[in-house]
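Each remark here refers to the structure printed beneath this line.
Per-chain numbering from 1; labels A, B, C, D, E and F assigned in written order.
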Amino acid sequence: MATVIPFLILFPLVMACLMFVIRNNRVRGVAAYLGSVIVMIGVGVLVVQWFLAGAKPVELFIETEVADHVILASEIVLMVVVTCLCFKYKKYWISLLSIVPTLLIAYLELFGPEMEPTYHIYLDHLSILMCLIVGIIGGLIVIYAVGYMHGYAHHHSEFQDRRYYFFMLLFGFLGAMFGFVTSSSLLWIDLFWEVTSIISFLLIGYTKSSEAITNSFRALWMNLLGGTALAIAIAYYAYEAGTVTLQQLVFEGSVGSNIALLPVVLIAFAALTKSAQLPFSTWLLGAMVAPTPSSALLHSATMVKAGIYVLFRLAPALSGRTSGLMVAFVGGFTFLAASIMAIAQTDAKKVLAMSTIANLGLMVACAGVGTAETIWAGIFLMIFHAISKSMLFQDVGATENTLHTRDLEAFHGLIYRLPFLAMVQFIGIAGMFLAPFGMLISKWAALRASVDERNILLVFFIIFGSAITSLYWTKWMAKLLEQSRAPKVKDITKLNEKISLGIHAVMMIGVCLLFPLLSSSYVDPLLREMFGNAEQVLPTATLVVLIVIILIVFAVPAVSMAFGENTRTNIKPNYMNGINDGTDYGFISSYGEVQHMHVSNYYFAHVIGQRKLMLPSQILSTVVIIGMICVILGGVL
Amino acid sequence: MARIMRFASTMLANLFKPPVTTKYPAEPIDFPEGSRGHIEIEIDKCISCSLCALNCPAGAIKVDRVKGTWEINRMDCVQCGYCTIKCPKKCLHMMPGYTEPEKEKKFDLFQRDPAVMEAERKKKAEAAAKAAAAKKSLAAKKAAEAAAKAAESPAAAKSEPTKAEQKPADQA
Amino acid sequence: MKFDTARLIWIIGYLVLAPFIGGLLEGFDRKISARMQRRVGPPILQPFYDVQKLFNKQTIAVRKTQFSFLIAYMVLMIFTGAMFFGGVDLLMCFFVLSTAATFLIFAASVTNSPYSAIGAQREMIQMMTYEPAVLMTAVGFYLIRGTFDVDRIARAGSSAIVVLPGFFFAFVFILTIKMRKSPFDEAGSHHPHQELVKGITTEMGAKNLAVYTITEWYENVFLLGVVGLFIVNRNPLSYIGAIVVILLVYFLEILIDNASARVRWQTMLKMTWGVTLLTAGVNLMMLMLIYR
Amino acid sequence: MGKVKRSPWLLHYDGSSCNGCDIEVLATLTPVYDAERLGVENTGDPMQADILLITGGINEQNAPVVKQLYDQMPRPKVVVAVGICACTGGIFKDCYNIRGGVDTTIPVDIYVPGCAARPQSIIDGIIKARDLFQKRSDEHDEYEKTHHGGAGEEKING
Amino acid sequence: MARKTVVPFGPQHPVLPEPIHIDLVMEDEKVLEAVPNIGFIHRGLEGLADKRDFNELLYVVERTCGICSFGHGNGYVQAVEKIMDVEIPDRAKFLRTIWAEIARMHSHLLWLGLQADQFGFESLFYEIWRIREKVLDLLELTTGGRLIFSVNKIGGVIKDIGDDKMKAILTNMSSIEKDMRVVQKTFMGDYSVQSRTKGIGVLTKDQIHELGAVGPVARASGISRDMRKLGYDGYGMIDFEPITSVFGDCFARIDVRLREVFQSIDIIRQAIDKIPQGELSVNVKGNPNGEALVRIEQPRGEAIYYVHSNGTKFIDRYRNRTPTFANLPALCEMLKGANYADVGMMVVTIDPCISCTER
Amino acid sequence: MAEVIEAANEIVEVDRDRLLETAILMKHQGRRLVQAQTTWYKKSETYECLYTFTDDDTYDTTTYKVILTKDQSVPSITSIYPYANFYESEMTELYGVKIEMIDGDYHDKLYRIKAVHPFGPEEGEK
């Protein structure tokens, strides 16, 4: 393990450089395939090794003199890069958000108190899970990206083709992510944190259009703000406690030590920015201008989960405290508000983004409550969300390449026009909210846990939020199924994209089927690790029922469709008040012409659109956050 | 002020009142006097003058002067009653009771008594002969007028009503 | 999960009897409505005649897939009921219920018909409207009984309605939506002469409509079963009480149906969420204080 | 083979009537005449209807509408022409825009005369129509039996 | 990509028995634009003036519409009488008034029922139509026809109402009045009804004026205009004031029509009280020659009858402009920005009668 | 005794050039357009177009009559009374009057009849 982890961190960096160097698209593509396969194998090896070692928490790298220096140097390099870019685009004040924390960390490292030597890498169930998500989904997305970016460069000739740069960032990101989830030292975490923020920033600005640049700087300052909070927390904690180990912090927090109070709040705050919780949700929406693979990878499947990961880690320290309440409130509220706003979105990617924010909110809320039950729910939310969102993003990207639009209304009757992509979308959406799939079970558990915790606000948030969630998903699915006259389009999705999508779909269904196994053999130990003891969350009876539902949901339409083929059915035209144009697709309008029939979904953009609701929700959540922090500070100081 | 379910008390009260539904078709309809249902003809009074047919706004009546028939298309008559006003002999009557729904269009044909018609024709012929004979004389003209007047009224009075025949609809 | 015979009997009872009970209830509904309107009304068995007629008609459809979705809707609906009467997790029942409803929406959406599609959109809004109250009901039971299991809830010492009056009210309130009764009959437009023609069922004819109707019967029996769950307890006598309450509730629904106009869906949404928060929400808050 | 006559569902279309017959059709459903006694339901949706009740004659613009509504109804079905206008064109048959009665466009099974047709008369018409409906249903069953198991779909029938 | 849906409304639509077609351009459920199309019921009956003499034409005119059949006949004979300079007997005038008001009650009750049915209040609809049957019974009793009476003729009327029938009318009026009070309470006081009608389809006084709307639609917006005040038939001898409301929404229109039902009852009572004995008609000789334009107040508002004749028995031109034709622009204006759920309400609220609109 | 409103009701001939002017005057006086119609008189071979305006307070009504030959056209008053478009569309579709610049014209698709100008000088099938 001691070799695999550095390999996982460094190999992608090497790949990144390689990507930058290779300017031949074909060669780079092959290299990218190889790289991602190797990353996946690496993760596999890590997991196997860890299991062979007994699947127990592992602590590594006590002495890391050299690495620490490298880390410090990298931080400063990053600072310089960010500052230069800020000056180039005349966003001077943002550079402060980079300079201040970096200098703070540098000062801490060079002149700060002597810290007792501890491990820097920590591997437990949670980190392994994160590694798996990053490795497998990340690898698949890279494979997908090779095909996707080909089409993208072709369609968007108005932008400079900088694929080498794009792949460099993707691989760089993978390395940083591995570093992030395995590190235990807060200093290391801080660096990787900053790296992911900046890569995200660069990817958002990939097209260099003015919109992209505005959005990327918005993402940058919000993430850097979180980074600043993180740096302050580290410095404070280092001075107060003389250590910068996350595990130590969590332990102290969970026993209620006063020293840990402030750092925990600040780190939680940082996590909220990273997970795009209100009031910081806008950056994630803006991030949708980036090419789809980066949306899939960074902005839904992995990077935003870094915040969740940190919160899960902090959960024992949050549970039952004001800080936990704050986090739970912000999460729950984000879940509700983002769900409402998702209804009004017509852009498929924006719907996905809103739903991502909403689901992250739910996970944040789970972490905020911080009991074994909610973490169980949160973990499953994370797994299902990662798979299905990555799948949906990729699918929407591929659909966009074929249809040249990602307006939901253009997805009318997609199931007849692009059967494969529509089917995958269908599975992905079903995974997000339909009964047998995991998201729903997680909601079930989250609801139960919040009742157990007597957190009435959260109960309301979940109940109303999930009611609303079903609206926009059902709407989308219905749109796919609607009958359409539009001609069948040629599916230009590349094989590699299809492979990635197919594996995702199989994973989705697989995880559903293996759900009970996963729960008992992996998540329960994880919870035991975190909370000492944890009983089984899901009763067996419910599990059995679940399996039956899965069978029904898949079998019945298939069987009845097979039967349907053999019955003689009279096909009648639609009901249109008796004035069809002779087909299902149009009618004679008032002016005596044929009017094409296209039934649009409901969006209510003027009532509950982002424009209307975003500002009030931001204000409300800001007030809550500031208020709660004041209360906590009042307790500390 | 607005109240929820304002109508509920009426509904509950209605529950204990008998329904107002008529029993039709189990019980016959009670038409009020003067109800406009269908046209009946006293065929023996008819003089085949065709005034009804000419004035019927729906064109439902056919009168054949030669055959002495009076025919009504039941599915054309709008029960306006104008023919009853126009008929000089007042032999058309608007009666209660509607024409039954049918699978075919329904025509009712009435035949005047041939004997009466014969008599009438004879009289007419006589009158015409007389008229022709006295064409140039003023007195003869007056006499012819008197004869024609006489021909109208007693002709129908004596004859038996002819049985109505149903003419099968032709729907080619 | 222990599969004792009692559960099996309940399940089989539901599978076999529900359509008859549902159909009969609808027959009574139509008869009582007619009498309220001072009409004679159709025979009690009219709903069965109608379904029989529908099965005897030529198979028609706008799209063949519609039938598949309707069958899925029916099977899931029946399964929901079977789960409920089989005594498993109540919250799961409700989740499956909404999955079933989703299939209904698909069945309506596969056509290109404006009315059917608008009906489907409205159905989604309806789902969104009643879902909180439904989930709330499950939460209420969980709070006082510590379990979602219908079986265990039904074997409690006292009737749940004693401590859950607010939840009961909220559930009866949304029953109007689920049963497609007048003030909230948004998606279906059960009585014709309204803007939606037949709403979600516009494109269903003959067998499709028959399947839909039978499924509605299953659904109604399930929903009334949930109403009964508020009443029943360990005492067998309570089952008689439950039947009485169910009939009362059903009568109340008929009365509401007949004594109110069909409101706009915006009004429905506001009213229902308001009522849910005010009754079930307040009830929940109080319970949380008590059951610390 | 069921007793389908107990559940005749109506579709009412106003061809070009003067409203007189329309409102009588409606009155037939209201408390005093209450056609629902006979199992009648006024659906407003051709897919669900068994009996097509047309009031008023056919003009240039509504002829295709009537034809289409008729086509959309599943077999077995019965057409009832209510009112003089629907039977023959009545008082308006000389109007330049009137083709004549309903039978100029689709086959009519029952003619209900009257201007306006009385509710009782319409009830008579419905009773006649549902007997016919039963007869056609039996024939339809025979047809289904003899043509059983055929795969594929019939095209929109004319 | 378009988020707009164009929904066809009519010709076969259950909301309205009559065929009218409107293209509704909608976003979500909000109507952005409404384009009407008429002609499904156009017969061209004005052209029959060439084929039916001026007496026969009366029966055609009465069948312009089965709801205000009496009004059409009345307007037409008034126009011809005006050309021929005929003054009809007072008894005939009062009889025409009584029939016109009973017909107005039947029409308003019909409309109230449809309106209730439109917002899904089926029981109220049935209740009103149950009451309406009493009115129809009266009509059949006095004229012989339930909807189309054919009692007018040029120069007077052809039927009398005997004293016993007058009494029957009075007793029936009392029972109708009692039943209608319950209906009025429900319409005016029920929450669900108000939630559907208040503030829906508002037209201000100025808008009404700009759009040329007539009848209860105009009166509900505060325009006190009622052609009966011109004193045709027996109205010159009867006390009444036009009924108005100020809100101009669907609720106000229901209110106005409800109160007009009671007003009709009142007018009928006054007329029965004041009716003189005398002849039913005067003898009219010759053919009309000249032109005249007559305005009368039908249940749906002001209707115009124009007759141009040339001294033969076939008149040159018969024309009527019916209230719905004048109210259609108001409907289109109302529909813009409306909620789809309210489209039916709005279509019904002008009490549309397409049959006479398209003739 | 109830008061009866004595209102004027007259028919006045007006030259077709002065139609718009008259309409503007009517609008100025706050009058409402009651109806517009036309007739083709075979005998005199002329169209007679009638425009009726009424005052809603006094009930005074004036009908202006414009006489046209078959080929003469008349300006549309839709710019002054927008809702006249139904009347004018009807006039063109059924009678074949030439009306210039109708705002919101249905272009002979208002009634969608098969006949061409059935009441006009030359009839025919489409």
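We take it that a contact is a pair of C-beta atoms (placed from the backbone, for glycine too) under 8 Å apart; a residue touches a chain by one contact, two chains touch by 3 or more.
Being a predicted model, the structure only gives us computed values, none of them experimental.
Simply put, of A-C and D-F, more C-beta pairs touch at A-C. Relative to subunit A, the most remote chain by averaged C-alpha coordinates is B. Separating the centre of subunit B from that of subunit F, both taken as means of CA atoms, is a distance of 43 Å. Per-chain Cα centroids separate subunit B from subunit C by 60 Å.
Among the residues of subunit D, those in touch with two or more other chains are 13, 30-32, 34, 37, 42, 44-47, 59, 61, 65, 69, 74, 91, 94, 96-97, 115, 118, 153.
Multi-chain contact residues of subunit E (touching two or more other chains): 5, 7-9, 11-14, 29, 37, 39, 42, 44, 47, 59-60, 63, 121, 123-124, 126-127, 130, 133, 148, 190-193. Counting partner chains per residue, subunit F shows two or more touched chains at residues 109, 111-113, 118. The full set of touching chain pairs reads A-C, A-D, A-E, A-F, B-C, B-D, B-E, C-D, C-E, D-E, D-F, E-F.
Of all the residues in subunit F, the ones that touch subunit A in their complex are 106-107, 109, 112. In the complex of the two chains, the subunit F residues touching subunit D come out as 111-115, 118.
Residue ranges on subunit C touching subunit D, taken from their complex, read 30, 34, 37-43, 46, 49-50, 52-53, 55-60, 62, 64, 192-193, 197-198, 201-206, 209.
Put simply, subunit A touches subunit F in their complex at residues 591-592. Interface residues of subunit A, counted against subunit E in their complex, comprise 346, 405, 407-410, 576-579, 587, 589-592, 595, 597-600, 602-605.
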